[in-house]
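The same chain A turns up in both complexes below, where it pairs with chain B and then with chain C.
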Partner chain A sequence: MSDSIIGAGAIGSGPKRIDGQRKVTGAAPYAADHHPDNVAYGYGVFSTIASGTVAGLDLDAARQSPGVIDIFHHEHFPELHRSPSSMAQGNKVEETRLPFEDNKVYYEGQFVALVVADTFENARAAARKVGVNYKSDQAIANLDQGVTAHGTQKGQGNHERGDAAGNFDGAAHSIDVTYTTPVETHNPMEMHASVASWEGDRLTIFESSQGVVQQQGALAKIFGIPPEHIRVESPFIGSGFGAKLWMWPHAVAASAAAREIGRPVQLVVPRQQMFTTTGHRPETCQRMRLATDENGKLVSLRHESINTTSFTDQYVETCGSVTKSLYSCPNLTVSHETTQVNRGTPTSMRAPGAAPGLFALESAIDEMALEAGVDPLEFRMNNYAERDESLDLDFSSNHIREATERAAEKFGWHDRNPDVGSMRDGHEIIGYGMAACNWEALKRECEARVSLRADGTAYVTCATQDIGTGTYTIIAQTVSDLTGLPIEKITVRLGDTSYPKGPISGGSWTTATTLPAVAAATRKAIEELKGYATSGKGDFADAASDSLTFENGQLTHDGQSVDYVDVLKGQKLASADGHAHTQGADSQYSYRSFGAHFVEVRWDPGISNLRVSRVVSAIDVGRVINSMTARNQVEGAIVMGLGMAHFEATEYDARNGRPVNNNYAEYVVPVHADQPPEVDVILLDYPDLEFNEFGARGIGEIGITGMAAAVANAVYHATGKRIRDLPIFKEKLMENIPAVQSA
Partner chain B sequence: MSDHHKGDGSGVETFDARSPSRRRFLKSMGASGLAAATAPAWAQIAQAGQSQAEPVEPRDDGAPAEGEQQIRLTVNGVEHTLNVTPNAVLLDVLRDRLELTGTKKGCDQGQCGACTLLVNDTAINSCLSLAVSHDGDEITTIEGLSNGDDLHPVQAAFWEHDAYQCGYCTSGQIMSAVAILNDDNIGSDDASVREAMSGNICRCGAYKNILAAVQDARGRMKGAS
Partner chain C sequence: MHNFDYARADSTRQAVSSHGPDKQAAYLAGGTTLLDLVKIDIMRPEQVVDINRLDLKRIETLNDGRTRIGALVTNTALARDERIASDYAVLSEALLSGATTQLRNKATTAGNVMQRVRCPYFRDGVSNCNKREPGSGCAAIEGHNRSVHAVLGTSEHCIATHPSDMCVAMAAIGATITVEGPEGQREIDFLDFHLLPGDTPEREHALKPGELITHVTLDAPLDNSRSHYLKLRDRASYQFALASSAVIVTLEGDTITDARVALGGVGTRPWRAHEAEAALKGQKATEATFQKAAGIAFKSATPYAHNAFKIPLGQQAIVRNLTTLTA
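Showing the complex of A and B:
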């Protein structure tokens, strides 16, 4: 790796991050690091029931607490408006109800009051003195209770082709199994935070946001002011994994409080409420019915999913999104339904739909293969789709067979003894499992601005965000590639609505969306530069603009070269600028990313110790823009996938709907010691030039898809026990284990 | 808005030593010990010309108000006299009063490690520690590790190995790594480092790269000593 990568080598190389120094020195500013002059601090009071109403508030003690400026609640809060919540309009929110809108409580951990005081300590102390009297109703605590109480509502993303039911009965081999996944919580390291300041009717808000433009639009609707009067800044965010795509109630509360008290307000959502009022991946129940002919070829596939949603909004976890197109099957049904429970509104969490959906699908494929008597790898090879049968389109680029084969080879799948519990090493039983992974490749509209400046630097702006994925760096690589400027000379500024409109950092579409816009803006800046050079005052006054070439910072015509800096300086110009607006993807092809995970688990039956000891994954995401940050994305997604497989579940008390483990110690996420000793990621790196000029499809999400199934399949191979209910707690492997009973 | 004058609050100025922000400059002064209890005259003049939101070295010389206690903290070599309430937590005092925001709050209940810093060379979770219990202590935060662009070997190794994604847990990871690498009781093998670092969650899951960085820094620190 090199610090100074210049020119055409920049794309695809692995320069270290341009924002890295700020991250390792503590200088990168995150939302709550901002302390504007005269800032006041908010601290929330959150409901301790999951369903009911606030019957009364006792505020006397809190009001007398030192430093208290104001206490907001449903009887003391400015009248605001709801956002229409349209992504196309640029104002999407997931929870449409405003904080303090009325006295109703829909979930535990909902804002019921907000104390604002002169210091954080005083706000926290006073918040704890607020008394709340509730009238509690019976809560709907989980999916089963929701379905029993009031059934389901139809969701979107459904698909039907052929006759799945008719081809199931009488098929040579079939399975009918149900998988369940729990509520998972994003738990980004940085808690949601807003720092809001008003000057007249203009709002500036520092927010931990994956989508500053959407938040700007939503706040404009909610406060009834022009979007231009709102500036949302999020230059650094302590990750989000989807939790920070859409604004949550705290940002409205902080903004309104700041306006009411006439002072900036900082409000941080406590970790406990990161489980309640800022979204989560909902609970799912997925029935899988698969059937094959005698040769193990799929003839019928049904994936029917129900997920929990809130009483205020419908959120659909599209578990069958991948099922529609990953395997070839003429008779297929995908359906999504929701049921309302007393939890906050769910939201997208890394690979929404696909992460829980591929747990079910790829576990079911394993079960189906075994039922049909076919090796799971061979079964997949026999059934992978050659084209997208749901859209009736060719894939733009699909190397899933090569990915599967290369990962299998490196992993040593072909040395696997298929018999359950047959591979042993001392006390441990070894299991091998595999699963495919898959994610849609998306590309959105985007604007960007690039200035080639007379001081020899370039300056790039775009109102997208770098959420830890490396967007700052790959944008600099792109400009370097086109201009020949060293990366060190390129300044990139993101996460600010005063820049040209950029996309939310989600859906794995940031790379494919922003790079074409940045490239187009760079080319426009170069065109402007050529225009200056060929103008009356220019160095090539008589030449046609399109006869000039631009390489490594030099404009050349007829063998004569001039540094672009001299062109600008010669005419006393600050910069040559380009502003571009690029469009989303067309629908000529089905654009998707592919891959496969291979997992080795080691299970010690004596103490039921289960660990993942080895992972080999091969990922086909088109061209890799930065080999170091791309690999990091997949490795991190594998870790999160292991969390999903082994540990992660937000648990709710079935009696009252209250979350019982909403903290970082009891909602267990992987730590250093859980990291498998061997994780090997193969990046195939086939440019998908049908998708965009760089051939990149995006890489943030695909790595988590399929991981939980690969682990579950390996656990089955080791133990003979099929776990269809995530997570695979060790407790679930303590009894009725075929591998032990047969030993 | 005055907060914007902190300069580096809205984007990335990469490798750009020409315009160090005032905030960062003050931090680096603290780190190098140039700014002792009293800032030099030129710095005071510069401060006076800046917006009120500029960080100043809080020095509560007056008697503490009712319910407050006066403490002295030496942070990154700079001594601060502060009047604090008994419920003020060390992390919040550093972040809100001293504007040393490099130390992060990830859970506020000692479960994630993002707020790790060194007190008298021992790594602690600063969110679990009351400020009044640190009267007279020497505290090192992430801002105190580097001297301008001259990074501590652990910082350099984290950058080199991409040992982060979002960067939010990074300060805590680095401070724990510094403590571990200086602790003879912790083995140098990968499993020992993983175990010792397990109090620092990285939700982005950059564990593989963090381990590589810590082990690389071990070599760099040996080379330096």
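Showing the complex of A and C:
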């Protein structure tokens, strides 16, 4: 065989999403589109206090409400077990406490009861009739209150090298500044949903999930049944951004309710509770202390971060994860701490750690450069690390200098007037800002199965998911590349635990993880095919299997070719199959992706309007597998980063910890009209062959990192105001705001 | 959601009688306010009267130059009407700055006039809210009050803004609301229609129980006037105003001969700034004049913890709008 070199055909090109048509025509079933026979509908009763206990429930009115089947709560819920919550074991959950475990309330919007009725409307109507009598305690409503009330706990991901404190005081230039980021909420369009059905002690659950295998494992632990008895299906999801990586309490509630009432149960998490009981990016407070020598070389760097977590679990937002290795600095400290507040458990949100962390780091680098009197671009060029000093390893591939320079060139950075407020256009003041972006390249264990079938098609299965990123398509491209079959002849099935185990769709590792497994399985299927062809009954009965080549669906030996379909048909075989199991990344190198954002903002002081008008980003993510879906990931991440920069914040009432803007109208994310008129994404496309044979690292998250800092740096250039607290609301840039007497 | 009885009316008479003078009934127009609030149990009508079949979908120019708009004319139809777009540009622009295309296709003229406040404490169903539960207090005053709370016309009982854009333009233009009720037909001046919260924030408008809005009649446009709606917010679309201005001016040379200024996003009702108008009339169209008028418009403003910025922002909405119109 021609060694099936990846990259010869479909890889790198941009075929359209193979699932696109089904999605836009409504033919793709999402979790809540499933209404199995005899299904009942659940609706939650959610706590309206953030801290305390449920002293009593008045269920009379609800029980009499039409269609009610049962009402579950802490005194009426089956005895279940907790999941150990281990990713390695395949049963991770973020919130380990089970719903209705006891009468405690840890956050507003926590399940305190679940009404199950014959229709969704009846369940909802009855849920509103449940009377809950609370004993309310003073809530810890935010990070400051948490730190004041009970201090912090140590987190993980810390790092120390050299003596950062000792080299700070006497340094030529230094800054000591603190940044904060608010709670951000994922808000995928599709709400979390579970549809659970039992048959004996076997559970099937349709879920909007980024990780069916982990959910299967967690449910197995919780219900005390073998994982093989549980099937989790999530073929399509209306995105997740991390909120759907790990199962949340609603899935446990739906599964338990279905078993208790002996009917399937559908449970959708309402939009309001998408802000409370399905995770969020926690609030952070990050102190940055940087110092340089006379020439602007970093001599000391400290990044100390605190984030909020829940009272039930510790979630660490590793804000300093990138700080450890992006810049060269002999004396460096990264530390993470958490403080408990009355909110649900936080979780990964697109580029966890790095997104808030690079807001602080890349803003601080800008401040440090100005303090040292160096152009921020030049400062970065002087300080970018040549190797990973935290791991003491070389980078597998790092083109950040080229990325920075190319983006700068295209953007026109060198033509800017660096003086604050010096660039104007009509009413608007123009500001330029830049920031580096960075994300770890990860790769996990994975299994996949490929069948080359006698009808001329290929069938591929893997229990990973396509969360809207294009996984279906790039898997088809891979099989097409290796077999020569056209994309239309390849069926890809994902998001079902009955398939070979695949990874969660997170960490930007799906591409690097699944493609090698799919390629290996394809090659095994081809080997099996050659075995058939060279067997006694085969077309090349006497040939050695490895003397055959396989290309464009043809097996060739000695100038003679046979279509693989004929090989199978000739022997009345349905298919030639391959099953592969590939391993995670080694630790020979530090594997990371790199890039830089350049942002133009326009501030109109006459109407206090800030807009991002231009973005040029150059990103080095290794080989690009599909130019359309890859670009789409970066463009989407840029827009999301822009939302992080100047719109997004879940606001909590400081008096009682209640989220205030928990809806799509008041939680402001960018809309189409906010898209910068010009977004230019340069993908460097250098294969990282140390990482995998595809040379691909992953692209889902890097684009959001650094964006908020690039905007903040541009805002400083335009206005002279250094905004260290996200989001950059207009009032932070306005003058003459009257003082307020009350509150 | 509570169950309710549903009746469909074929005539205004029938609508009014199906509704009755009972406060537990509600007219259903586009449903974009009503059904949202019914679903979250904030409005709990026992009887819903669907008025969508009524013959109230026309826009007519009257002999006296006024324009009569049927209650059921959608926000889209009104904004896109050629007479409105040319004679009342400010209204067309205000409508198009509101909500989204989908919502504007459903939303009606009367429904827009009657839309409820966006205050999250009103909508959460649990916080103290004098509008929802008279006498319970106002959670917003000492709570989170950045985007949908007012600085003008507030009281110690309620500080929620009237959220409409359309109404701000109508307040500037001048209009009359025609209603039909159990006691017959009557007319209400647009500026008297929305009530200040005072100590009865649960009373939002001048309708008597059971009255149906049938028309909104716009005053004749000012001769040779120019008008513009300027809406300021965080994102560029699909957000209620943080501050907005509807301005109509007439000029002779560079002197302002007449001016109408109304404000949105800052007031507890669509806010007509009469004193600011007086400060403009007869003055030269200069930045100084605009600044002065803007200052006057906000001289009685009360800032709250998170919305104090609306005072300068609202002034900017006036100044920039006038600058654009008189350039």
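Of note:
The working rule: the second predicted complex is superposed on the first by the 728 of 743 C-alpha atoms of A that agree within 3 Å, B and C clash if a C-alpha of one lies under 4 Å from a C-alpha of the other, contacts with A are read in each partner's own complex, and residues count from 1 in each chain.
By our rule, contacts are C-beta pairs under 8 Å (C-beta built on N, C-alpha and C of every residue); 3 or more make two chains touch, one makes a residue touch a chain.
Remember, predicted model here, so these are calculated numbers, not experimental data.
Legend: residue contacts after superposition of the two complexes on their common chain; A:314 is shown touching neither chain B nor chain C. Once chain A of one complex is fitted onto chain A of the other, the partner contacts of A:29 are limited to chain B, with no touch recorded for chain C. Of the two partner chains placed by superposition, A:571 touches none, neither chain B nor chain C. By the touch criterion defined above, A:138 lies against neither chain B nor chain C after alignment on the C-alpha atoms of chain A. Judged by the touch definition given at the top, the superposed model places A:677 against chain B, while chain C stays out of reach.
Chain A has more of its residues touched by B than by the other of chain B and chain C. Look at A:103: by the touch rule set out above, it reaches neither chain B nor chain C.
Residue contacts after overlaying the shared chain place A:627 against neither chain B nor chain C.
By the touch criterion stated above, A:647 is placed in contact with chain C alone, chain B being left untouched. In the superposition on chain A, A:552 contacts neither chain B nor chain C.
Annotation: chain A residues 121, 124-125, 663, 665, 669-673 touch chain B in one complex and chain C in the other. Touching chain A in their complex are the following residues of chain C: 1-3, 41, 118, 120-121, 123-124, 126-127, 139, 141-144, 146-148, 230, 232, 234-240, 242, 303-305, 308-309, 311-313, 316-317, 319-320, 323. Those residues of chain B whose C-beta lies close enough to touch chain A in the complex are 1-3, 6, 8-16, 24, 27, 51-53, 67, 85, 87-89, 92, 95-96, 99-109, 111-112, 114, 141-143, 145-146, 149, 151, 155-156, 158-160, 162, 164-171, 174, 190, 193-195, 197-211. If you check the complex, the residues on chain A that touch chain C are 48, 121, 124-125, 128, 606-609, 611, 646-647, 651, 653, 655, 658, 660-663, 665-666, 668-674, 729-731, 734-740, 742-743. Interface residues of chain A facing chain B in the complex, by the touch rule stated above, are 1, 16-30, 32-37, 66, 119-122, 124-125, 187-191, 195, 197, 199, 204, 206, 233, 235-239, 241, 264, 268, 270-271, 461, 467-470, 472, 476, 487-488, 490-496, 628-629, 632-633, 635-640, 663-665, 669-673, 675, 677, 679.
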